[in-house]
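The same chain A turns up in both complexes below, where it pairs with chain B and then with chain C.
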Partner chain A sequence: MSSSLGNQVGQLARRSVVRTLRQPAQIVPAIVFPLFLLAVNTGGLKDATSLPGFPTDSYLTFILAVPFIQGALFSVMNSGTDLARDIETGFLNRLALTPLRGAALLSGLLAGATVLGVVQAVVYLAVGLIAGAEMAAGAGGALVLVLLSVTITVAFGTIGLFAALRFGTGEAVQGLFPVFFVFLFLSAMTLPLDLLTTDWFHAIASVNPVTYLLEAIRSLLIEGWNLGDLALGFGIAAAIGAIGMTAASSALKTRLVRT
Partner chain B sequence: MTTETQRSGGIEVESLVREFKNGPRAVDGIDLEVAQGEIYGFLGPNGAGKSTTVLMLTTLLPPTAGTARVGGFDVVEQGPQVRASIGAALQEAALDPLLTGREHMRLQTALHGLGKNQRESRGNELLERVGLDYAADRKVGGYSGGMKRRLDLALALAHRPRILFLDEPTTGLDIQSRTALWEEVARLAAEDGVTVFLTTQYLEEADALANRVGIIDHGHLVAEGTPAELKAEIGRLTVEAVPREEGDRERMTAVLGRFGQGAGSSPRGVAVRLDGGESQLAEVVRALDSEGIAIERLQLHAPSLDDVFLAKTGRSLEGAGEEEPAEAEPETAAPA
Partner chain C sequence: MSEQRSAGRSIASRLDVARGVAWRSVHNFLTNPAFLVPALMFPLFFFVSFAGGLAAIGEVPGFDFPSGYTAFQFVFVLLQSAAFGGVFTGFAMARDFESGFGRRYMLAASHRSGIVLGYALAALFRAFVTWTVLTTVALVAGMEIAGSGGEILALYALAVLVNVAATMWAAGVALRVRSIQGGPLMQFPTFLVLFLAPVYVPLDLLSGWIHAIASINPITALLEAGRGFISGDPVLVAAAFAIGLALSLLFTAWARGGLRSAEAAG
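Now for the complex of A and B:
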């Protein structure tokens, strides 16, 4: 007897989703915390729209891109912590004694991140639109934004999986969270890249991939359909996901030394 | 090594070694053979190498040297076939506290490739067999230790394995849960012909369950046989006396020493293995009386597996445990 790859992914995806939905402590902060920062930033930085060259009159519309990235950062922690717990409790050994394929394990584990990513994106967008943000690309753009947000969430989730497999503890995974926040703060988070006048900050933000993820989301909210920005955003998310998945697969081989 | 054992659902181990980096040889050249349908008790203190042996036999840890065949398959060359033949409940009941018992069964049966219509029936059958049907839809986080162990056993049986590895399955359980698990393990071997490789540090568990026992200490197999054979090998009865006056203990040791070799005793008592057997008991009492040593308690013990362990290693099994080497944990738990 052996089960197909699809069946294995499906079973582990179901487990991952069930686990996520049964842990309000994973869902609630991932939704509430970014919305709280959205409110704070909108209130505190709204005058930035008067800067020459600022792309929109609505700072809310501009800053609305940030919660999508902050939400994705929670995915690093959630997917990584779940896997680290499986390692610590020996559940991974239980799985290793079945005909489970490594690819199925990693893909299945990301299913919970995907579901949480969809919920987060829909909530952020809905709250933003209700609060008065614009969606220049219309209804189709909203769908693409949700898709892009989920892609970023899954991509970041692969880094959480890698960290869990590499270090084997939930604490090590959680230690990544502030590191990722530094990436966010050193990007074009609060101002457009062109308006970052401090040289060193501009230099860092212009090579920080988070900047281009934000710009892809903003293009849908502010400009409409900017295929170049979108392609860059999706491309960077896919590249992060590919690198993360490759690293996680390699770490899985090291950790699971079953013969 | 017999080819008969290879063809059947048995286990054969030859010169098996596992050496860890900067650590001791957790398993140091053991040989053993377990026949199909046999319950083999692998007895030893903490850190003796029991769990490391199980991890190698279940393909979760590659041996440093030696060979092992499980169900006729080589654990190094034919890992997937070995895993398909075995079920294992490892040292900690590895369960997901957020899933229910039924969800665990569904996941396990599905990953083992049971058809959709078989999954539910097999899951329900096993949950009922281990007495968890009433709690099947409760999250495992709320289960007691005994319930978790029983679910662990049910999961190990999901795909009808021919060989079952149980690594200290009753550690930490109350006597009722322990007895229930013993009954189920005995039934599996007797009725279903499942080969059981059971590690334990409980003498009574090995005595009650195992057809044969292997005693491991510091990675070496120091004795092997049926519990009766091992005890018969020691042969002699032990007499233990406790003096009424603490100050008489030294004189009592000298008197009892005339009748045999010293043995493990309670802190206030003195024990010897009687060279002449039960018939010497009256002489012992007379000798103590003639020396004027008042006796608070006198007991005669039949040989136990602990006596066997003492005779083979020079130490009593109780309290002989050591810390497991950190590297002896499964690789899945080791920092890469």
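Now for the complex of A and C:
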């Protein structure tokens, strides 16, 4: 393998993308499961739009933000499980014998998550719009939405990489799924923050970063261009990604020292 | 007389097998945090998220549930935890067969139906543990119960039937697939049938395709009866118990078929 960083990243990215695309068991649930919940929630909660202060008369438009976050949760599992498998099968040990840089390994491994993130975002948006959701920010907003969704997916993916490197088993990575689901469930997922009438729930949702990721996506769908919400959404995603990447780099160093 | 004695011995032997299998499953459940924590936490998160995050839904025009939204959602989460207690036991069964432990059960058991019975008893135990925690949290959160003691017992009896039906469904899959890879096949249909019922609002407030599906979904009758019990206004009682029994019997036959399949596989 060439020592140039670009070539190293490219080789690993290609492997990561091909591996992701060859595993329908990773792709299908990541697309179908969020769409199923979208359909159920839209059907079951559409009367919520009659609550005073609800920001839109289309519950589908409101809840369409949720699949993008659920899809990103699958990214934690997919990127982490793939790396854990490389650790369990000894592939990482073999990579450690090459002049491969840690940054190349981590960036390359996220390529599969990035491609899946793009596919997920396009499918969720297309299904939502076909079903009658609105896109207040227009075509440009759709592009920004896909970009934001991929940023969130990659950010969550870094946490999957950290878990795999820290614990070394796919089972441990799978165990993270409920933890991340808690963040989604304790956010302004099904109602806007202002309509969360239970005090303690409102307090938790107010400090939960997932609430602001949802609000950034919703701003494009419901309001149009709300630069404050968008900046907050991108900023939180970038911060999660930076923290995840730093933690994963540190865990990689520790693991390579062990091997 | 000797036939009666032989039948008695057969039942006793079956119960011995069931007791052994149940003890091991319960021991694994209680001593391994990886099994215990999700079983307790998942229903609690659903309850907290639905009852806390959706409390405003109780103010939607036409929503008229006397015991409030917390009690309305408690019934759904109770039945959901009953179903998933059964599914998670199916996972344990599949894992045992994948690792070869199930095969050792099959060789050692004098009456193999006792193996399935043992897993079913373990599923019921783990459901009781979950229900105890869930009910305590709901009461601490201020859930109003208008139903009488008998009605609340009837609510838990419905949950037992759901647990038995789900365990038998998952056991049938686990015994046929004999690998944890059969997990999604146990889980996804259960999830689907539960969420295609009136989860967030009563059936009358649903419309369109979801109303059509919820109207013919057997879980709807169980949910409505359960919500009737907790609010002291029982509805669809006979239908709900008939459906619960029918599902339990149907999936017991399915699990028996799975047992035969596992026996044939050796």
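The rule is simple: the second predicted complex is superposed on the first by the 255 of 259 C-alpha atoms of A that agree within 3 Å, B and C clash if a C-alpha of one lies under 4 Å from a C-alpha of the other, contacts with A are read in each partner's own complex, and residues count from 1 in each chain.
Quick note on the criterion: contacts are C-beta pairs under 8 Å (C-beta built on N, C-alpha and C of every residue); 3 or more make two chains touch, one makes a residue touch a chain.
Predicted, not measured: the structure shown is a model, and the values here were computed from it.
Novice: Which partner does A:Ala205 reach: the first (chain B), the second (chain C), both, or neither?
Specialist: second
Novice: Which holds for A:Trp225: it touches chain B only (first), chain C only (second), both, or neither?
Specialist: Neither partner.
Novice: Which partner chains sit in contact with A:Met189 here, chain B, chain C, both or neither? Use first/second/both/neither.
Specialist: second
Novice: First (chain B), second (chain C), both or neither: which does A:Phe167 touch?
Specialist: Once the two structures are laid over each other on A, A:Phe167 reaches chain B alone.
Novice: What is the contact status of A:Phe234 with respect to chain B (first) and chain C (second): first, second, both, or neither?
Specialist: Once the two structures are laid over each other on A, A:Phe234 reaches no partner at all.
Novice: Would you mind writing out the residues of chain A in touch with chain C in their complex?
Specialist: Going by the criterion above, the answer is residues 29, 36-37, 39-41, 43-48, 50-51, 171, 175, 178, 181-182, 185-186, 188-191, 195-198, 200-201, 205.
Novice: Spell out the residues on chain A that touch chain B in their complex, using ranges where they run on.
Specialist: Residue list for chain A touching chain B: 1-3, 7-8, 11-12, 15, 18-19, 22-23, 86-100, 165-168, 251, 254-259.
Novice: Inside the complex, what are the residues of chain C that reach chain A?
Specialist: 34, 38, 41-42, 45-46, 48-49, 51-57, 59-63, 184, 192, 195-196, 198-201, 205-211
Novice: Residues of chain B touching chain A in their complex?
Specialist: Per the touch definition, chain B meets chain A at residues 58-62, 75-77, 79-80, 82-84, 86-88, 90-92, 94-96, 98-99, 103, 106-108, 110-114, 139, 155, 159, 330-336.
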